[in-house]
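Letters A, B and C mark the chains in the order given here, with residues in each chain numbered from 1 onward.
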Amino acid sequence: MFAYLVRRLFLMLVTLFGISVVIFFLLRIVPGNIVDILFAAAGYVDPADKANLEKELGIDQPLVVQYLHWIGGFLRGDFGYSYVSEKPALQEILPRIPITARLAGLALLFSASIGIPLGVISAVKQGTRLDYTLRVVSLSGLSLPSFWLGLLILTASVAMFGQIPIFNPNPATWLEAFATYAVPAAAVGFRSAALTMRITRSSMLEVLRQDYIRTARAKGASDAAVNYRHALKNAILPVITVIGIEAAFLIGGLIVTETVFNIPGVARFLVEAIRWRDYPIVQNLVMLIAVVVVSANFIVDMLYAVFDPRIRYTD
Amino acid sequence: MTDTSNLVLEVKNLKTVFFTNSGLFKAVDDVSFTVSRGETLAIVGESGCGKSVTALSLMRLVPDPPGRIVGGSVTLEGSDLLALNEAGMRKIRGNRISMIFQEPMTSLNPVMRIGDQIVEAVRLHRNVSSKEAQTIAVEMLRLVRIPEPVRRAREYPHQLSGGMRQRAMIAMALACRPALLIADEPTTALDVTIQAQILALILDLQKELGTGLVLITHDLGVVAQTAQRVIVMYAGRKVEEASVEALFAAPKHPYTRGLMASIPAVPASGVAAQERLNEIPGTVPSLVRLPPGCAFAPRCKLAIKRCEAEYPPLADWGGGHLAACWRAAEVAEVA
Amino acid sequence: MAAIDFDVELRRAGAHATVGWRRVLFLAQRHVLGAAGLTIMIVFVLTAIFADFIARYDPLTVDSAHALMRPSLVHWMGTDSFGRDVFSRIIHGARISLAVGIGSTALGGTIGVIVGLTSGYLSGWVDLVFQRVSDILQALPLLVLALIMTAALGPSLPNVILAIAIPLIPTVSRVTRANTLALREQPFVEAAKSIGMSEARIALRHVLPNTLAPLIVLATAQLGSTILTEASLSFLGLGIPEPYPSWGRMLSESAAEYVRTAPWLVIFPGIAISLAVFGANLFGDALRDILDPRQRG
């Protein structure tokens, strides 16, 4: 187990290093840096001013030096300064994290609590009208863009209440806080719920074909016992993996949903930073996302070991 | 020849079909047999002959769709299993009729402890507390000669060897002292050295508990060692039935003769020692487009015109030795 | 035992239709949803091809006198803030969605297959490097990676196609690699080797055709997701640039602002995206059921 952990952690670091290199150089292959953008607005560019600013921002140095400077800072928790707001990048990012984390948590909760039961029902009732309906609903969940779902919610809200719900960063009551997050979380979670349902269904169907299910039936176990005591316990394992991966990939949905609902979270901030070519923010945010994704995968692997007695990671 | 008062199982004209996209597939076609208390009946045949489907039909575990039992009766201790509703059948399964499967590696639930899997079988049919069921489970593990049964009960299937798992399967199947045990190729997936041990164990326990046993195998050697009576199946039909002695002494069906000739050493007399192993030419015909006559005719050395046109009825050739062959009388002489 | 109608059961199992048109018809009946998906996709492709004939106005012509008109007989789906006909823009938008969908799936798929075959076939350090690179690409959410790519490359149709194709590569190469590894052990590959066939020839002649079914299934499944990603990118303003009528872009212009005043600008492009993706997903699902029996449920 220990050897496995060490190996796993080492691979994580290799992946994260790779990501940092990819992001860093990707953001610099295009001509035109932040200074060009800042000066473009002014119309006239004094080369001396430009050079000064470039020096101040450190972008006149060789790329490797810039990279080492950045990654060293990232590891120490020093995220540098935002070019745009001229505030420390960390100060910009930190307050946004809880907002996005709450949204993501709620969306995942939504996804698991709806997706898993419906997936089980769909598999158990395979081939029935109910199964068909659930499959169509889940497929449409995967087909509706979440930003459009968000826009539809806004449209409906205008039609019903005559106004757009405005994000309230300091909700007064617990209920208000819930309402603030629940609607956008549902818009994001709809897609993950659909995905969870599909995975649960196919995993259940796969398990229901196994020999040990036949053994359970041969014992005289009821359908309910077979489905829940025997099948679900085995079928849930791949679902855990998917929810874990989905936890990270939820970020895609959060980016558009935070934009639609005008929520000042991390995900929307990434888009704004990209538009501004605000390198420190973009590369640190993407690194942060990568750390979250890689850690989520790691946690899922560990959870797997807890749920599956066969896996002990001895090698 | 069988004492009817002691009858545990009576199968009459069992017919199980599969509806496939290439047509109707008669997996079990008009098969009848009986098993008495403590008796071992072997069902022999090549893979695909319908022997496993016969076993699943007795348990009413044929996957539907595509399979369906379409005719006949299966009478266990006086009640027709095919007439029961699903809830009624569940009370019988694992209780009065149990089954051991071919694959010990995949037939146990990987995320459930061995002990719990036996406990489940006990508690489904006996009104006992969880603690009592635990005790019974450990006793059963001891009965199937698993060392350290208390510790093993707490382990998961992957921690046990194939032979051990099959022992655990046997413990689970016998936990409620069934009247009938079906063993579908119980040793095929095991190491040769383990095979004999498992077989001996099944027979010992059968004797001890007085269980009727249906042993499904493709291995005539196993049949000779274990069974009292044998059914030979070919293409979904019973083509021969006899006591072990009668069958090995003088097989009446060319297919049975072919099976015997294709094994290296037959324990009983009947087939002269040969230099080279014989094999039956050809393969089992597609069950979807069976010829109107005998399904074995295309592979049979003795086949005559009549064989291809007309299916031979099962006829009694004396002492309950049944065979479905137009030329049964000549089989012994010709070969 | 209830009486069993053998003919009915056999028809249900498809025994009456094993070849030719009857088989196609049977499959269409069995997979009603898949047939619906295929129909949607055909309509979608035809719309893209014949957009010039179907659209009633030029999708790019600005007509500020008729801005933000409600849907009417003149403008079936209304007009946007520049007075452009929404219906015509949606019809022409099919071209962009189709170009991105097919373009990036084909590009990412082809590269993925080459990488997967090489990786699975050569093993060793090449495989190791490819695997690590896949890890890196897969550790970033699709949309995030595509966002950075378009940000780096600049917004244009070919760049969007490239940006969406690259995250697709590891997915395809993983499937190809796994199948290649499994197939390498197969007797027919051994046999080909023993008669002196070259490795590259074996890979192309024997291994690739045998991994085709899962790849087709995967490609169809990815088609919907590429269309969605393009829509998201364009919605965020980092995809297809103005004035081209990308469905996602149309929603971006209309976003929260027009939810109140011109809901038709929100509703119609969204329906177009959802319908196209839904069609691809329905068809992909049925295709998986038919081609990949292991997954059949």
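Everything that follows uses one rule, which is that a contact is a pair of C-beta atoms (placed from the backbone, for glycine too) under 8 Å apart; a residue touches a chain by one contact, two chains touch by 3 or more.
These are the chains along with the protein names UniProt gives them: A = ABC transporter permease; B = ABC transporter ATP-binding protein.
All values reported here derive from a predicted model rather than from experimental measurement.
The interface with the greater count of contacting C-beta pairs, when B-C is set against A-B, is A-B. Chain centre most remote from that of chain A (ABC transporter permease): B (centre = mean of CA atoms). Note on chain placement: the centre of chain A (ABC transporter permease) and the centre of chain C lie 22 Å apart, centres being C-alpha means. Centres computed as Cα averages put chain A (ABC transporter permease) at a distance of 54 Å from chain B.
For chain C in complex with chain A (ABC transporter permease), the touching residues are 33, 132-133, 135-136, 139-144, 147-149, 151-154, 224, 228, 231-232, 235-238, 248, 251, 255-256, 259-260, 263, 266-267, 269-270, 273-275, 277-278, 281-282, 285, 295, 297.
For chain B in complex with chain A (ABC transporter permease), the touching residues are 59, 61, 90-95, 98-99, 101, 103, 106-112, 120-121, 124-125, 156, 158, 169, 172-173. By the touch criterion given at the top, residues 1, 4, 6, 9-10, 12-15, 18 of chain C touch chain B in their complex. Only residues 11, 14-16, 18-19, 22-23, 26-27, 29-30, 123, 126, 132, 135-136, 139-140, 142-145, 147-148, 151-152, 154-155, 158-159, 164, 201-202, 205-206, 248-249, 251-252, 255-256, 259-260, 262, 270-271, 274-275, 277, 282, 286, 289-290, 293-294, 297 of chain A (ABC transporter permease) touch chain C when the two sit together in their complex.
By the touch criterion given at the top, residues 17, 19-24, 65-66, 68-71, 82-83 of chain B touch chain C in their complex.
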